[in-house]
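Note that chain A is present in both complexes that follow, paired respectively with chain B and with chain C.
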Partner chain A sequence: MTAALGQPARSVLACGEVRTCLLPSFQAFDARAAAQLLRLRADEPVRISERPSMYALSPEILTGVDCRLPASNGSKVRSVGTVAARAALTEGRLLQATAYFSLPAAGPDIRRPWGQYLVRPGLVEPFGKLPQQATVEGMLRGARRGELDLGMIAEGLLAALRRHALLDRRVPFKSSPTRLRWVARRGDQQASLVNFTVAEGGLRTMELRLPEHIPAAAAAGLCEDLALHDWLLTTVQHMLDNSRLGTADGPSVVEALHPVVVHLLHLWMPRAHVDPALGHLWDVLEEKPGFSRQWENLSRRIRDRLALQAVAMPHQALSTS
Partner chain B sequence: MLIFAASDKGGTGRSVTSANLAYHRAMAGDDVCYLDFDFGSPTAAAVFDVADARQQTEDRGLHAYLIGEVSEPARIDVWSETEHQVLRFPPPGSGRLVLMPGDVSGGEFAISGDNLRRCVDLLTTLYYEFDLVVVDLSAGRSYAVDMVLEATAQAEMREITARWLVFHRWTRQHVAAAASLVFGKRGILAGGADRGHDEEALRNSIRFVRAAVPDPESPLWSQVSPTQSAWMRKTDGDLKQLASTHGIGYSQVLGSVPLEPVLQWREQLITDEDVLDSQIANQETWQALSQLAGRLTDDKYWEQV
Partner chain C sequence: MTEAVFQETTAELRTQAVPLAHLSLELGHLYMEDFEAGPKRLGEHFAEVRVWADAVRASLERRTQRPRISTCFLIDDYFTRFSTPAELIPMVLKEAEKAGLVIDYLARESGCAVADRIELAESVMHRLVESPPPGSYGSRPPVSQTGWLANGERTPSASRSALGAVKGWESPQETAARNHSIFMDVELWSEKDGRRLWSCPFLAAVWQLARLGLLRHLGEPVLVPREWGGADFPHDWDRLPPLIKLTDTRAAFSAYRTCSMMPNRFIAVEDAVRLILDQTDVDAGALQQVAERSAAERMPVPAAVAQRATYVFYEEPADSSEAEGT
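Then we have the complex of A and B:
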């Protein structure tokens, strides 16, 4: 089966990977600095929205690929096309890079001139028929050597941004980056979230179903939003679990919790920049495991710890005066 | 903070001591990453008892990453992957302890262009992520040493605190060799200055660690004859004098680790169980390691001398 030349191929899968990390800068970026940082291309502007929270989205850049697709059953499907990558900065504090592409059910058996791939940005065509299930599993498992590696493209973009001259390279606190791999199958009438898993080493995976009219970029936006909030939960939970905080008392508690209050507590804002057609997918995660519930609990714990310190303070102040 | 562990010769206890320091800091609540830059003869996997996990990451180690064969070096979570019975159950509140293994087949490579950029990227991102990053460098003025000297001289890494530990054993040869590794004509200081480091600042970020130091007063030697005992005291005194004339005297020493029979027989982490329950290791060793671990980030021990 060969897709007709020139015809835009209908995609059956969209795959992506999001990397989320703290912007290595002591102060959060304002909108102008964010626009400068994310200007990946001269011909397209950075999109910035200031309501309800400051969010900057870079234009997309393309990476040409010609390699095997990851497949769980070991089938070797060569694929050619372009992977789109973009970066986002939320509240001038959290930096994300996403690499994603769409796959049609089948492609031509020969490699075509580059121009033909370039007019379909973000589309990668398999040679012959695409083994769908194996590709979904392979993408979620991650690329082996010589396979199409979205993580490498996203990480490359992130690394380039981290080297930007605007950054002072001082972080207000230590934190681990996370990565979210996602795969969306096309065809259903209604978008749905099939599963979301939390694996070791900061890895999360997600499976979606998407109607055909929703662009892959919208799915990427949803995944970025989920990845961002998952990063917040992971990071704050890890800080609270630390033994130094667990047994500490006095100024050290304030010192340890200070960065959370200054830099993170106000970042929680699910679906703020998600395509309205996909906003309802958040409900699934709110139901179980309950993202916002956990966040409320964490922020309450932090505020209570600080309140306890504040109660003790006047006594100390009186006794030393 | 980045800690580079260097030594002039092999067998100085560099790897095993620095791994123990990483372990102590992680137990105290720091997130710690241990990088095995001892290309060609990586030992960290054995020290942390993660041989099986090591096998699975065979060709995705630091060497493969630096030469661009893989996009990210493999990470081994020591607490969950170790086969060591005690390490599997770290005290609650412990920080993360992550090992990035080297490659068994890893040879040397060019320190330039992309390889250097990848090294800088790796060290900076780990610095943002971990409280402490320990880099175990192969012995001598090796490629690994040159690589990190070059990397830390880059503009991107200027804000990052990096400290050096130079390990040596307590013998005449080792004292002289350690001094020459740092102060020699082709030493770390000269090499660093050539690459754009401020020599004075670099000098102040280097401290020495004396490993496997026999204490003449130790019960280990309680059976020796009076002549032997006198000789040991005399030699110990001479060595102190020698170290001082080589510029690695007391003020340059971050700490000493006593001669520990367990470490003479086997490269391993000394756990509190080895000291308290089975009592195969000495209390003094545990204390020395714990003290040394604390001093890594205690500025008092890193003031200008």
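Then we have the complex of A and C:
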């Protein structure tokens, strides 16, 4: 009944975590199979886009939380609300799960009736004032025991999808999943990318600035796009490193690079499904370190290597391979 | 900003709007035992309801000069099948008319489980988001596995301490308790012979969502009323559409708010309905449409869905609860 309680809160931060992995299926999924896999709700459609590349996005599901927020300065801010989670499948090959939520600058000191949180999906309210800087740092560092754990929510969704009956759980090649944690501060006129850090163990962190009118879902989409391309770079680079191109003899080179050509080379398509208002954030990474430049370089190395192989090999050997 | 030149319909989300009245007024809910008690009992019911229906109308007229009120009536054909539409519906309509009431829309309870081959109850079940007890940091409690929904933390199941001694009883805890808990645990369904039987409160929650205009299937409205232009009613419940429109009223079936009239023995059921509604993440598009349109009419709805439902619980006619055979 209280008017102040009913007001939609303006968010000052959005935080998320994306997990990216290869779909555990020998064959890439077509649009129909993708729609079946990502149908997290019976009454809400899976969004399918076939141009310029096949991209399927699940409806969002919510997880209720009532716990402390990660904070770098040790402040213990209880927060209550819902975290949104969604999954995406690109070209029927790369599976991603994102968990994300927004935070207002302050919230009431009591817990509201649960129904009031549910009508603001993806919003988590702090008790009292939000320590913004400490929360940004805490979220990027990751959750400690008992703190709001986005990784756990994203991983939970991914695990549920991996158990889907449509999947044969056979992968065409080995790869490692990556996770990208991101935090966006609200309030700037222009969206910008502040920082993108490649850390160890498949972890990446990213800081953004976002104008108020851009929904957190759009930021999640951008981060998924960056995570996907970062996964491609990481994975292909790793495969090239491991294939010992300089020393290996003929057929094994073809064998090692075959999955890259069949499954990955065509997946490079920056900003294909990113909100147009955020597409320019790619430019920073194209400038330095030059994501696409690195990808072109990797692709060229693979093609050159295979071309050399073709020249060197007798024709019969090629036709039987 | 300019519209994008290239569009893909399968990549967009659209939620179709439904027409909305100010109030959906439920004049009754008929179970087999009510039917068995005969037309006189039904007449008593409507006579009582009439008084409250007038009061509800007067209350709405305080807020708007031209209230749009639609009335509805629900018949149980899900838990027990009795009589036939041909026999029952004319009797219900006649008794309502005697009391000066008009039933605009009539629904079958099984329509809240499955309507036009769409599994409504199943869809709503997928939308349950449990209220997290303090300390929930991202682990998702599996409501879809237990089939029960509570308003707090249950008593831990009998556990042993490290030394093997059985611990004493621990109390359950209502999450939103004020000083003391009123803990409630609602069974959403049961399984029998491999068939899922939805519970009465769960179907009643679906019924409330339908009346509040908040149900969609892939963006399309569901449980849409079918015109029933004075034709004879069928002899089989399955041949009756799940929701029919009996009058030429201009008030839509769904509304900003609902009011349900029922005997006071239904208090527990409706409390359970509120518990379910309070933990249901309804279609965001539909929610927004209702919020915007009600605000534009200067009758903004309460933010929480469960708060949009009101009730009148009245005393049953004396003989009814002791009806023979029940």
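As a convention for this text, the second predicted complex is superposed on the first by the 307 of 321 C-alpha atoms of A that agree within 3 Å, B and C clash if a C-alpha of one lies under 4 Å from a C-alpha of the other, contacts with A are read in each partner's own complex, and residues count from 1 in each chain.
Heads up, the rule we're going with is that contacts are C-beta pairs under 8 Å (C-beta built on N, C-alpha and C of every residue); 3 or more make two chains touch, one makes a residue touch a chain.
Remember, predicted model here, so these are calculated numbers, not experimental data.
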| item | value |
| --- | --- |
| Clash-or-fit label for the pair chain B, chain C on chain A | fit |
| Once both complexes are placed on the shared chain, angle at chain A toward chain B and chain C, C-alpha, multiple of 10 degrees | 110 |
| Partner chain(s) touched by A:Gly64 [first = chain B, second = chain C, both, neither] | second |
| Partner chain(s) touched by A:Val80 [first = chain B, second = chain C, both, neither] | second |
| Contacts of A:Gln133 with chain B and chain C, given as first, second, both or neither | neither |
| Which superposed partner A:Asn297 touches (first chain B, second chain C, both, neither) | neither |
| First, second, both or neither for A:Ser252, with chain B first and chain C second | neither |
| Partner chain in contact with A:Arg41 - chain B first, chain C second, else both or neither | second |
| Chain B versus chain C as contact partner of A:Asn195, first or second or both or neither | neither |
| Partner chain(s) touched by A:Asp149 [first = chain B, second = chain C, both, neither] | both |
| Touched chain A residues, chain B compared with chain C | C |
| Chain B and chain C, minimum CA distance [Å, superposed model] | 9 |
| Shared chain A contacts, counted only where both chain B and chain C touch the same residue | 149, 152, 156 |
| Residues of chain A defined as touching chain C within the complex | 1, 6, 40-45, 47-51, 55, 61-68, 78, 80, 82-83, 99, 111, 113-116, 118-119, 121, 143, 146-150, 152-153, 156, 276 |
| Of all residues in chain C, those that touch chain A in their complex | 4, 6, 8, 10-13, 118-119, 122-123, 126-127, 129-140, 175-176, 215-219, 277-284, 287, 302-307 |
| Residue ranges of chain B touching chain A (in the complex, touch as defined) | 28-29, 31, 59, 69-72, 75, 77, 80, 91-95, 121, 124-125, 128-131, 156, 159-160 |
| Complex interface listing, chain A residues touching chain B | 21-22, 24, 145, 149, 151-152, 155-156, 159, 162-163, 168-171, 174-177, 200-201, 241-244, 246-247 |
